[in-house]
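You will see chain A twice below: alongside chain B first, and alongside chain C after that.
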Partner chain A sequence: MAITQFVVNGLLVGALFTAVAVGFALIWGVVDIINLAHGEMVMLGGYSSYWILNFLTGDAEGSVTLFLVTIPLVIGIVFVIGYALQRILVARVIGTDIFLTLLVTFGISIAIQQLAIQAWSANPRAIQILFTDPSLSVAGIVIPKMKLISFIGAIGLTVALYVFLQRTRTGRAIRAVSQNPEAAALVGIDVEHTRAVTFGISSAIASGAGAFIATILNIQPQMGLIYTLKSFVIVVFGGVGSIPGVFIGGLMLGTVEELTAGLVSSQWTLAVSFSLLIVLLIVKPTGLFGEETA
Partner chain B sequence: MSASESDGSGLFRSLISPGLIDQLFSFCDDHAWTLLVIGTVIGALPPILGLKQGYYMTVISEMFLFAILALSWDIIGGQTGYPSFGNMAFFGIGAYTTAILTKDFSIILPIAMMAAAGVAVGSAVLIGAAVLRLRGHYFAIATLGVLLATQQVSRILDITGGASGKILLQTPSGTVFYYFFFTVLVAEAALVYYLSNTRFGFVLNAIRDDEKKATAMGFNTTYYKTAAWVLSAFFTGLAGGGYSLFNTFINPQTAYNAAWNVELIAMALIGGSGTVTGPIIGAFGLHVVIEYVETAFVGWQLVLLGLVVIGTVIGFPDGITGTLKEYASEMKYYERGGMAATDSNDSAEVASDE
Partner chain C sequence: MTENTNRRTFLKIAGSTGAVGLAGLAGCAGGGGGGDGTSTNADDGGDTTANGGTTGSSDGVETITLGGSMSLTGENADLGKLYKDAYELTIQRINDNGGIEAGDGNTYELEMILRDDGTDASTSKSIYQELIDRENVDYLLGPYSSTVTLPASAVAAQNQKPMVEGGGASPEIFAQGNEWIFGLLPTANKYAKSYMDMCLAQDPTPESIAILAEDDTFSQSTAEGARNKIANTDLELVVDQTFPTGTSDLSTNLSRVKSNDADILLLCAHQKHNIILASQMETQGLNVDAAMGTVGSLNDSFKDEVGANGNYMYGPSSWAINADFEDPVYGATGDFVSAIESNYEYAPDYHSAAGEAVIITFVNAFQNVDEINPTSVRDQIRQAEFSTVYGTVAFDDTGVIDKNMLIYQWQPEPGLQITYPENVAQSSPTYPMPDWNER
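Showing the complex of A and B:
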């Protein structure tokens, strides 16, 4: 019974990891960089939602509806930040050494993180959502309502991104740039703009997930790196450039982490997921669902 | 290329011409060992001349420490082209080794130091067997993961004192550490300089430029890159071994300091990675700046570090040494006829290489 509970918890959290990781995978696929500042977008999302709620209600507490209203605002704010970062900073190192692209995003990550500490202190914060009855119980398995809402929200964000990429004109442009930037430029796509939009959208999805994370876990300025690394693990699990792969990878990572935490100790989750990653990288570097192309 | 950074500097150009810089470089190349000896003597003097234990001695010792770390990173990151984001793992391993050995087993310091380097080398061999198979993005993130995993392990174990760490009371004086870090730095600089002119160094650079070609030429690249990785871990571990006692305190945050992890890469990059002097100059310069900001504007030093990293990567990714070398080579370029000397075939080739 306990194991079923762990698996359910894992799936609930895993959906949030997925929503964070799809953006990471998208930037990797389209702009061809590893965005080490991706976790900071999660953090910014969490804090934006926190401060908006704080502004509306006086303290970071509120009903579900009020919280959900903050999400579009958060997404809008972080989209602009992401767009600007790509346009002003990251665009300058694209096509140079991989190491330089890694370092510039690492630099962005530190700068944002440290500014956040200066602005909001290093104390963890959380958004309190008020319920009359906080948990559901189905066949002996406890499901906190907020976790369920986050789960649905995270899946909603992921699906929305997928549909956006498949159906809209901008989505098609993004996919075109990812396949061949030069050919995309030839048919009249503004490659620089498209890359910046990709960066913005990826950051925005991560920030939406961050807002949900603020309600069920907590947020603090230095949380970003862990989410960046988790995204990396998930994307490698799922294979670069495959949103369904990332989806399954995220749920898997969530489950593995909750099982480790439940059966061994929560201290070992990081070590276990990284050991898995290294084994997977050596055995099957293209990921479980990835294509053979590099 | 170099046009953008030299166009606006007419005054600079007339004061310090490319030829002068070029002469400086060739002078340094010709007399490298002499300069190293002179540097060693100058570096050894301050305590003899009466530099007392205290703030300045600590700062200078830390400058040496960071130079060791940056230079060690450069062996694997700059010379071999494997951008490690996990070098601090070996620092932490070394630091905990001496802390545990001297405190819990009362082993004398020199042996504990050697053990620290030994344990770091042993872990490097094991970790290297896994991560050195990876390249590019994957290698970078895997090493970052190694760093976080080792930090997590030291937080869990009992022998490391868990999250609260270990306090070390019986430590030698600051002068001992001054000379310890200084000796290690000199030894490392000499070794790296020596190696950079041997077959070993050339193979490392070949791996950086094109690993497949290096393998195709018959070099056992796995052997060479593992050797570079282990060498890097050896000096990092040794520095870590000294640090825990120097600092008199060690916990998972200080031993696997994430900020230092970026600092040492930034130092190597600012100075000019792939050279011997570059990382040392970068370490001395950046540490002084960070130390100043840390005292004058508490808490802002890491914001600055992030901005410095972004600025260096975008502004002059070749670092001080690399940029100066390019500036110096302009002279030769014009002596040989500049653009006119390059026929169209060559420039077409250059363009297609981009």
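Showing the complex of A and C:
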């Protein structure tokens, strides 16, 4: 029974990891950079939802419906931030040395963190969602309602991104730029705009996940790095460029971490995750679902 | 999207990203963030001393400079602010009242250099060395948290400068044979003692306990003290788990507590994890007779974040806001509380009071030595006994104040109440805590 509970806990939180990582994978695949500021978009999403709810209710506490209303606003706000960051800063280092892009995005992450500390202090914050009974119990397995809603929301965000990329004109443009930016430009696609839209979309998806995280865990200005690292592990697990791979990778990471915490110790979760990453890099560097090209 | 990265490029990216990411994570593990090198002055929040020396003259006024690092950013910035505010206000009051009439016959004003260590131990260590080498500071104000204080206290010892701190409680700090460190908090191994004594005095008497501990120096010392205490009782330790500081989800650990049917729960951790605990105990349906978080569970900011979920939780404190101790600067404890509330718009807690006592400890020493130098000040601190808003201050041979913890409980009405020990209790503890479905 306990193991089943650990697996359920892992799947519930793993879906959020997925929603965060899918945006990370998108930027990596399309803009061809490792965005070390991706976790900060999660943080900004959490704070945006927190402050909107605080504005509406006075104390960042409300019903599920009211909270869900904040999600489109959060996504819109952080999309604009992501779009602007790409246009103003990141675009200047695309095509240069990989270390320069890492340094620029790492610098952005530190700047956002410090601004957040100045603006909102380092105090941890959480959104309180009001339920009469906050959990379901199914065959002895406890399923917190808000975690279940977050699980559905995170999967919804991931699926929405997948459908957007497959079915819309902008989505096709994004895929075209990821495959061959020069050819995409030749057929009239505005590559710079498309890359900025990609950055905005991936930031927006991460922010949506961040809003859910604010309801089930808590948010702090310095929370971003761990989500960036988890995203990195998940993308490597799943394979760069594979949304289904990221989906499976996120659920796997959540489950492995919670099983490790439950059966061994929480102290071992990072060690186990990164050990698996190293093993995978040796055995299959392109990830579980990625394909190696020349 | 398609895969467009070959194996060599992929490994290069993976390696470099991992290096940068892990370096950052290492920084966070140490508390996160880096110091920004800013300093503060008690009078104007400026960024340096007037003369750069520990004693000297500025505009015809003799000054003594106190220097230190503090968590002004990073994970513990909220608590670091309490110390900074208490330091600044106390020094300002002293200077406004004409300064210190020292034992050497001179009158001095106090000046302070307080730099941000970003809650990072190595940054803090560098700051102290720099304050001693470049600013000629002889009297050191301790940083916040045991993890940061332990290496900082070693710098004080190497350079033979007295350090008085109100933010480090690990017994390790005082077990190094260091004669230059003085601590105003009861050591961490005492944090859980009063809580367990209180629980064992209740009906029904708890039979089992669960410990969840963060993997930092302070929390591990707290957990070790709790284990030693448990060994001398009939309590059975049914869960004993350590989790990384970066953990933001305790649900699986709480599932363990639930499945092992622990009667009482002790969380050895800081505010962030207390907030998670209060929320996830409800969502995981964990009902225990008592639950206590060791640090950050008594602040207003904790209760603001968790709302009614924080009701019935316990927390330890080395100080009572309603105490009545005489103080040479504020007059009495109540005046200090009013001064903090009116200047900073929050109620002080024991961190604030300990911060005030840090300054008064130095002031008392300056007033009672014939010659102001680090060795005579240290020797005076070691033998002194005096009253502050924090209570009577006197240090034992290892440099630790002799003080025990009070236990507070958040009660729906009238709010935060002292529940133990009985001779100072404002209310009886609500024990056992009501089950979640009864609230």
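Keep in mind that, in the parts below, the second predicted complex is superposed on the first by the 293 of 294 C-alpha atoms of A that agree within 3 Å, B and C clash if a C-alpha of one lies under 4 Å from a C-alpha of the other, contacts with A are read in each partner's own complex, and residues count from 1 in each chain.
Everything that follows uses one rule, which is that a residue touches a chain if its C-beta (ideal position, glycine included) is under 8 Å from a C-beta of that chain, and two chains touch if they have at least 3 such contacts.
Quick caveat, the model's predicted, so the values are computed rather than measured.
After superposition on chain A, the partners chain B and chain C are seen to clash.
After overlaying the two complexes on the shared chain, residue contacts for A:65 are found with neither chain B nor chain C. After overlaying the two complexes on the shared chain, residue contacts for A:281 are found with chain B and with chain C alike.
Touch criterion met: A:89 reaches chain B, while chain C stays clear of it.
When the two structures are aligned on the shared chain, A:270 is found in touch with chain B and with chain C. Between chain B and chain C, C touches the greater number of residues of chain A. With both structures placed on the common chain, the touch criterion links A:115 to chain B but leaves chain C unconnected. In the superposed pair of complexes, A:99 makes contact with chain B and with chain C alike. Shared-chain residue A:217: touches chain C; no touch with chain B.
Once both structures are placed on chain A, chain A residues 34, 98-99, 102, 106, 113-114, 117, 225-226, 229, 232, 236, 265, 267, 270, 281, 285 are touched by chain B and, in the other complex, by chain C. Contact residues on chain A toward chain C in their complex (touch as defined above): 1-2, 5-6, 9-10, 13, 25-26, 29-30, 32, 34, 36, 59, 61, 98-99, 102, 106, 113-114, 117, 121-126, 128, 133-135, 137, 142, 144-147, 165, 174-175, 178-179, 213, 216-218, 220, 222-223, 225-226, 228-229, 232, 236, 239-243, 258, 261-262, 265-267, 269-270, 281, 285-286, 290-294. Those residues of chain A whose C-beta lies close enough to touch chain B in the complex are 28, 34, 89, 92-93, 96-100, 102-104, 106-115, 117-118, 225-226, 229, 232, 236, 265, 267-268, 270-271, 274-275, 277-278, 281-282, 285. Interface residues of chain C, counted against chain A in their complex, comprise 1-7, 10-14, 16-18, 20-22, 24-25, 28, 32-33, 73-78, 81, 215, 241-244, 246-249, 251-253, 255-256, 259, 271-272, 275-276, 279-280, 282-285, 301, 304-307, 309, 436-437.
On chain B, the positions that touch chain A within their shared complex are 77, 83, 85, 130-131, 133-134, 136-138, 140-142, 144-146, 148-149, 152-153, 155-156, 258-259, 262, 265-266, 269, 299-300, 302-303, 305-310, 313-314, 317.
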